[in-house]
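Presented sequentially are two complexes of subunit A, the first with subunit B as partner and the second with subunit C.
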Partner chain A sequence: AMARLIWLCLKCIMLYSTVQAVFEDQVGKFDWRQQYVGKVRFSHFDSHVQSSKKVLVATENNVFASLNTRTGELFWRHVDKTGPEGNIDALLQHGQDAVLVVGNGRLLRSWEINIGGLNWEIVLDSGSFQSACLVGQQDTVKHVAVLKKTIISLHYLSNGHQKWIENLPESETVDYQAVYSGGNGEVYALGVVPHSHIAIVAYSLEDGEIIKQVIQMYTPWLSNIQASCSVIDQGVLTCVDSATVSLYMLDLHLQSQMTQIPLQSLGLEVTPGFQPVLVSTQPNPARPPLSEFLLQLGPEHHLLLQLNNGHIVTLRDFKPLYVQAFLKKDDSVGYRVIVQTEDHTLTFIQQPGRVMWTREEALSDVVTMEMVDLPLTGTQAELEGEFGKKADGLMSMVLKRLSSQLILLQAWIAHLWKLFYDARKPRSQVKNDVTIENLSRDEFNLQKMMVMVTASGKLFGIDSKTGSILWRHYLNNIPSNPAFKLMVQRTTAHFPHPPQCTLLIKDKDTGLATLHVFNPIFGKKSHISPPPLPQPILQSLILPLMDQDYAKVLLLVDDQYKVSAFPSTKNVLQQLQEMASSIFFYLIDSSQGRLSGYRLRTDLSTELIWEVVVPTEVQRIVSVKGKRPNEHVHSQGRVMGDRSVLYKYLNPNLLAVVLESTDLHQERSFVGILLIDGVTGRIIHEAVQRKARGPVHVVHSENWVVYEYWSTKSRRNEFSVIELYEGMELYNSTVFSSLDRPHAPQVLQQSYIFPSSISTMEATLTEKGITSRHLLIGLPSGGILSLPKMFLDPRRPEIVTEQSREENLIPYAPELLIRTEWFINYNQTVSRVRGIYTAPSGLESTCLVVAYGLDIYQTRVYPSKQFDVLKDDYDYMLISSVLLALFFATMISKRLAEVKLLNRAWR
Partner chain B sequence: MLHRERIPLLWFFFQAVVVVAWCFTDMETGPGAGVSTQPNGDRFKIEGRAIVPGLKTQDWVSTARILVEGEEYVGFLRTDGSFAVNDVPSGSYVVEIVTPAHRFEPVRVDITSKGKMRARLVNYIKTSEVIRQPYPLQVRANGPHTYFMKRETWGWTDFLMNPMVMMMVLPLLIIVLLPKVVNTNDPEMRKEMEQSMNMLNPNPELPDVSELMTKLFSGSKGSSKAGSSSSKGTRPAVKRR
Partner chain C sequence: MARPLPFKIAVVSSVLFIVCTNFVCCNNGRKVGDVMDTEFSGFSVPLEHSFEVDDVAKFRVRGALVLKAGREPSVSLTQSQLSEEDRTKLKDVAAVDGLYRVRVPRVFLQADRQTERQMEGYLTAFVRACAMVESHLSDVISLHTDVSGYLIGVSIVTLPGACRGTEVEDEVDLEVFNTTLSIMAPVNAPGPETALFLERMEMESEKKGKNPQEQKSFFAKYWYLILGGAIFLMVTNSAQPPAGGGREQS
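Our next item is the complex of A and B:
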């Protein structure tokens, strides 16, 4: 028994050592990370120290971060829970403290902004959050006031403890919307009864007693205080109304009547149909706001006004002022501005109008992506073009070859010249910027163009080697609730036809879709006009068929089950007619629990051929996963210990359908996996995990399905793997047809415990599928774990036998380990990983990986180590010194031998 | 020829059958939707402190987070290293402190419906096993994460300790040194050696590699010293090993 144990240990050590990991000197060599924060909701310049370089941002992605104003990089970033519970409602800053209201007024947090650590966090009383403000007195700010629907509370800024909490009077009728304090020991709650009147309650800072309460003023025009009102000067509530085109002013301290000042009397005009906006600034919460305020009268018309002894003076008229919500004045001399544009670009501008940096925050929300091969260089393309045309005569072919060789020579000399020229310059000046002009495919096709589609509708082309953005394109007609699908219709392989990508943009509410056709290398919109799609689209599929210009055919199925093709040339339609009988597709209706398979008819109508209905009252379809179309499987079977072969069941049409029970009770909930043939509708296998619930993450590849779920019984995450085998003989070894496969496959399954929850999962992919597979698992901690598939092998034996040893099977262990050496991104954590994209490179050993979420991380992985190229640490010095040493050794020994021979001859 | 052309065609045909495309039907994956909508049941607070020995808290707290059961509940560290995760309903949770630089052991925290807290070691296999941990949690980092593998560095010692090299060098040493240690000129000794040699070597006619080797070595080095000593003299010495 001891011997076996030792053997087991040895085996484990051996296995672990074969698994790849990152070496320390490889840091940043093949990988890069970009960190984002998301669309900014609140921002605040840290101005308590003159030299401060910080700007605080709170975003719609529930991220609170501090940015460096010089470079735009992050000082620190805190990523809260997604969803409404982590939603940031307000951001206030005073000195070194930033106060955040989180989760619809559930939590009040104070951060120390230099360190990025928490000062305190308290739970507020329940109630819908309305507004918050800092409260100061005698030039010191010690409190923060939080206004909710029915209550107002005051907290100490130092520890968050509640000083007092008061109910708001008549809160069932009055809609309290804003809280204000001007530093005079009073806290004002401003409320409105829509289309009726304003209510103002003044509380004493000391004990929360109501000092004044005024419910008056007939204000039928006012419904939202925060949108149309603002407090300026010594507590003058100023509102602007677009219907009467007037300013209304009310002194909060005097509580006199509201005065109406028509804008016309000031000589001002509002752009018709525009809701005017008032912006005031209160630099110090312990003092009243400035008497100067901004009034926006049109989309591009701003006014700087001043309230001077009850009179409004126009200070300055800005005709187009592009700066809007994030304007903040530093002092009277200079200015610095953060501008966020519609496409979620954050730009920092400093006097005199200099753009210091921009951040593409749209990239915090990547929805889908593709990697496209880069084009050949002009010279390479010239050579390639030679093989395209065969009609030319012998003589012209020879001439062409000579000319292209000449061009190559020229390019080589130019390259040498450049090298020489660069070598003379100091190293710092040599720039190797990647631009669209000098983009070209490298030797092993390791550098590619990453085409990323973001939720905001902005498309990016990113160089995978450096991470620099090469092109960006903003689509401005994106629906509010969009779904995207990106397809590569033509790769760069068909010179001189440009590569072509098609983005299907679908409105999830209406189902209506549009197509955007573009060149993935340059980002330019293609001159090909996509067909209009008047009907809602149910399904889209890209066929391996190509038109005469080598563009793959995209089929779109509308809600009438009619099929349209893009491109729809005569050639394509003819091909479709010929192939129609072998084109099948499936549709899912998760609300009805229906999975149905269709076949294409020659007239491009469709025919229902199978249907599987899942009872929706018991379970629901969560996801359906097919195999990746560009996946290659190198070996048809596995060699067993006794030298026989176990053949894999490689059905390219297999679908893995994930089902979850509607009953979420921990005793009754379950997770199911259905393996269905997408052509025939035949259920190949069904597996149910009792006392389990989602979220289920699935990877479906080759002959296996790996899925992860939450076991409610044991309160842990579990992995399960299903592998399908044909058996010891192949039924038809040349082709696979779903229609002719009489034997059901053998199914093997095994489950394991995984000591962490996971965010997403994907399998590595290589050119020919020879390299062993790894699973790339995104963890909530930010690590991306590369777990060898051989740990998830249902043939892992419980009892080790000679045969299993022969097969190199790892003995079964219930728990899978997370080793930090397996993290492909070492300490470069990726927050909220939403997707992992894998693409093969030109090297069989190498797989390109992009993980995206809040951050983007790109790297390469070598699941079976770099077996086809010399390692990057290859010791050229050693090999050359050994060679040289051997050379000299032979020389010397030869000489010695000669001397010896001579001596012998003399003797 | 015809057959060969047919296979790619067939392949193409069946490729066309592969119509497994990503489905555009929208499905919701809302895992804990049922949990989060619960109106203020009793909510509790998980408290504790994280310590990284030998490091000031302000150097690492900004990169750390407290994850309760994955990202179900998220907490942040205070500037002094303590933490509290608010708004957690009763249940059993695995609490992890995650930082990119330091490794902390996860702890399982059980909260009863009355709010009683208990912390214990995480054991995913025997889930009911209780090995108590202090509560409020006291979690000490047990070292930095090891992300990197050591490069195989090349050194002379590695080279010399290589079994193959050892197997080559040791015999060489024996070949060179033994003839010098053992006095082959002593006739008694030689006789003895020859005797033992004959016993060992069943076929004396067969040429031997070692013989050639010794010839070479004794020729170059022992030419002056051992003068006319024949190759026969050194041969047994070698074979004795």
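Our next item is the complex of A and C:
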């Protein structure tokens, strides 16, 4: 029956859906993808071959990748599971192999670094991971040692098989933290009893037998070996203590007493309050580490020291050394350094201090974004500016118009000349690099500026056409747990006023917020100083009101329910006073389940006008979705089969509130949907999906709400769509007011099975809303599916009738299929997609899409195909020749007819 | 044997409780007798309203809502007329475009005891006072509950809902509330309709099975077209000299 079901679905889809896919020659023409790795935790230069140009990185996003040192591009990349399961604990590299410990010591993996293939993977014994190192003997490295809380194990590097596993002695009291091998057939486990003593256990490489065990040395100052100790030279454990300001040295082989060397005796001084750091280098695991080591004494003070026959010699004193300590050096002649700065930028520097490339890894964690129209060119602006100026008489206006037309003509001729000139050159030589100077809006407004806000607090301006970063700005006062909200206060449409964006940065812990006002085209901070916000902010809203400089008014509501406006000029305050009684806003306190509505008073205080309380014992508010303010709905209703009209309920103030039950038992759990009017607090509709559980993804647009949930009863993902209609008559067709819509709308709902879980969901958006809507669904597999909204229509009939056929309704089928042509990103997988942003373009048929997650992918979609654009291969020759032929044919036939008439007249 | 006694006590006390609290509630309502007559399982909560010229809420009792829990909860309302004073005030509030607010306390319908029913806080809603006046006090109040029977919201609209600025001359029009009341529990959202769909499929396939014309295989039905196509292809192939071969040699 299932097969038949699928077959019928297929047939339906074949019949009704429009085919849309990318042609081969369109690949990469309108879309681009950028891949990122995230904040680097471990890095290794591949140094076993001199000419190698690889650097291996393991990141906090659980990504293991190889970067090209010449260009900074990825050779290959492996994206593991998110969360602690895929956490990379250690990265060791030897020759062609890279060994990773993953998931708090759960897995040991070996990768082939040239092509990024997996050599082997084994599951380790349980236990919390401490440290790992490569073990070599007689110049060959054959083993890897893994130290856990209670055990130490040795594995073959070739196949991962375990050679031996031993329990650590006295592991209840001793905290084993490091493992070391110097190539002499012994493996040392270094442990510490905090504030008491050090414990060292030496194992034989061959059979894991304990050769030596030393528990001695009163070291009350030591609590963390990895932070303050390091093995240098022929197995000398060297520790640094900030309290006594001295170095402690212990020869692991001789097991002598620990010697204390005060730093003062070496003529060194530590910056007060700084924990000194020791860094040593062990180029080959089969040999002891180098006798040279680095000591960091202050934030900007490093020393290169050498241990020479038990004496410490200062080799070099680096005062401001910005190179981070975990990064690797190599080569005796040259050096190459990879630096990660706190804005998550990776910079690769080669010997003469040349920056080879930079990677903006902050973009792997985009939080929010907006697309802003590019400014007009100078000539366009000239023409536009004409309308803004005060009229000074008919004659001068005509002259002005003529002059600006002349300028336009001039520009057009120059453009033609350039086209002609470029056409003669081979195509490869024609370069049109986008720089911040030559940015201008294109004919159809398809190229825009993407303003992206990342979790690290770095802002980017990216050209949507090419994906090149045009500006970046690092905000260095970001709180540790921030929430961002990006708002466009002034678009580019108000020349000569520059466009203006405002970023609200809120500390989630304290609720305190700051504003960053900037120009989205150039990234420059605005000279307008934002108001100080001493109180925690509860809500922010952009009003359609504008001040005299065309900046939209931003209202901020603080925890005293007082409202402040930005900008807060006299003009704005006056407008607010006039409008106050029609400015409403809502607040949601999910911890108490309280939804409340407020109205603005003329003195900018507020009054509570409605309250809805959802008991938190039963359910919690998961998300609240309003409609997008820039959404246009073209048609007020739907024409039915019998030519009557079913009017849509288009309430711009409608909120979709998603509730999830606190009881997670599969029989009793539920997902609730509340549709509430944000002005009056009226509950328009209340539905509950029983035996269902989150995560719930919601899209709310026009007169419909689509949500996706997990059905615990049937163990599958399901989609549900709610549509609201006013009925056959419109209550008030001219204007919608929440205060005057007494009749509740008709509610239709239908559900479908979806064969995949989803990561995120968004609806397409176009300029005028004529184009049919699609849902863009980000799948965990990395695909972005463009699902026509037509399939999610509660009016899909169970039984096909003449009327439903007339209306073009698809017969109901319980399963929504994923068709491969619907993937808008063909093979360009977007890893861990977290959000999809849609923006309208100047063409009604075209919607710009940006999907972001670990990667960023930008493309265009045409939900109703390109009905307003001629195809690329449109036959201009044919149409013009037909036209010409027709023209001549009419001319000739006219002439002939005339001759004939004349002849007839003579007759 | 120890169990029944406390249980009985609990029952008796809860019954007493309900009776007592009903009395307390009744004092809120104006028409005491009406509330008393309600069924035993129902309980009453005050419906309060507020309309002030300065828009600072001062809630006063408008009537008593009698809620009946159960599988299908029901509600009824007893309310008194507006006094002379209130009528003029309502008109004054309407003149300055003030709000007419209502509120009900948060209650849990399914609880057995009165103490468990009442919860802290109120649910409020509003309508423009002018709409209230112009509709001659015809309002529609609906109470919304959640899945488990907690009252989560109240809404009020007037019929008609618009404020057109028409004067209400007759004082009598503003005396009696003409209230339509309802209580709404959440609608169960439908799941995917697989059963019906499969049934329909079965029927269709059965219909097909009965019709022998449809049973023919693809080849049996269209053999002449395929044959025609094949002949056409052969003819066109033999007519054209092999392309490309000549070019390769030159």
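Annotations
In the analysis below, the second predicted complex is superposed on the first by the 817 of 907 C-alpha atoms of A that agree within 3 Å, B and C clash if a C-alpha of one lies under 4 Å from a C-alpha of the other, contacts with A are read in each partner's own complex, and residues count from 1 in each chain.
Following the convention adopted for this analysis, a contact is a pair of C-beta atoms (placed from the backbone, for glycine too) under 8 Å apart; a residue touches a chain by one contact, two chains touch by 3 or more.
Just so you know, these numbers come straight off a predicted model, no measurement behind them.
In the superposition on chain A, contact is made by A:751 with subunit C only, not with subunit B.
By the document's definition of touching, of the two partners only subunit C reaches A:690; subunit B does not. Once the two complexes are overlaid on the shared chain, A:353 sits clear of subunit B and of subunit C alike.
By the touch criterion defined above, A:393 lies against neither subunit B nor subunit C after alignment on the C-alpha atoms of chain A. Shared-chain residue A:814: touches subunit B and subunit C both. Using the contact criterion defined above for the overlaid structures, shared-chain residue A:28 touches neither subunit B nor subunit C, since it reaches no partner. In the superposition on chain A, A:781 makes contact with subunit B only, while subunit C stays out of contact range. Looking at the shared chain after the overlay, A:534 reaches neither subunit B nor subunit C. In the superposition on chain A, A:670 makes contact with subunit C only, not with subunit B. Within the superposed three-chain arrangement, the count of touched residues of subunit A is higher for B, of the candidates subunit B and subunit C.
Note: residues 714, 753, 814-815 of subunit A belong to the subunit B contact set and to the subunit C contact set alike, using the contact criterion stated above. Put simply, subunit A touches subunit C in their complex at residues 1, 4-5, 8, 581, 607-615, 618-619, 661, 670, 672-673, 676, 680-683, 685-690, 711, 713-714, 718, 720, 722, 732, 739-742, 747, 749-753, 798-799, 812-815. Every residue of subunit B that touches subunit A in the complex is listed here, in rising order: 7, 10-27, 29, 31, 34, 36, 40, 43, 45, 57-58, 61-63, 65, 67, 69-71, 73-74, 76-79, 83-84, 86-87, 92, 96, 98, 100-101, 103, 106, 122, 124-125, 127, 145-149, 151, 154, 220. Chain contact summary for the complex, subunit C toward subunit A: residues 55, 57, 97, 99, 101, 103, 106, 108, 119, 121-128, 131, 140, 142, 144, 146-148, 150, 152-153, 155, 157-163, 184-194, 196-198, 200-202, 205. If you check the complex, the residues on subunit A that touch subunit B are 21-25, 76, 78-83, 85-86, 103, 106-107, 109, 112, 115-123, 126, 483, 485, 504, 506, 508, 537-545, 579, 582-590, 621-624, 626-627, 629, 652-655, 664, 678-679, 693-695, 714-716, 734-738, 753, 755-757, 759, 780-782, 814-815, 820-821, 823, 826-829, 873, 875, 878, 900.
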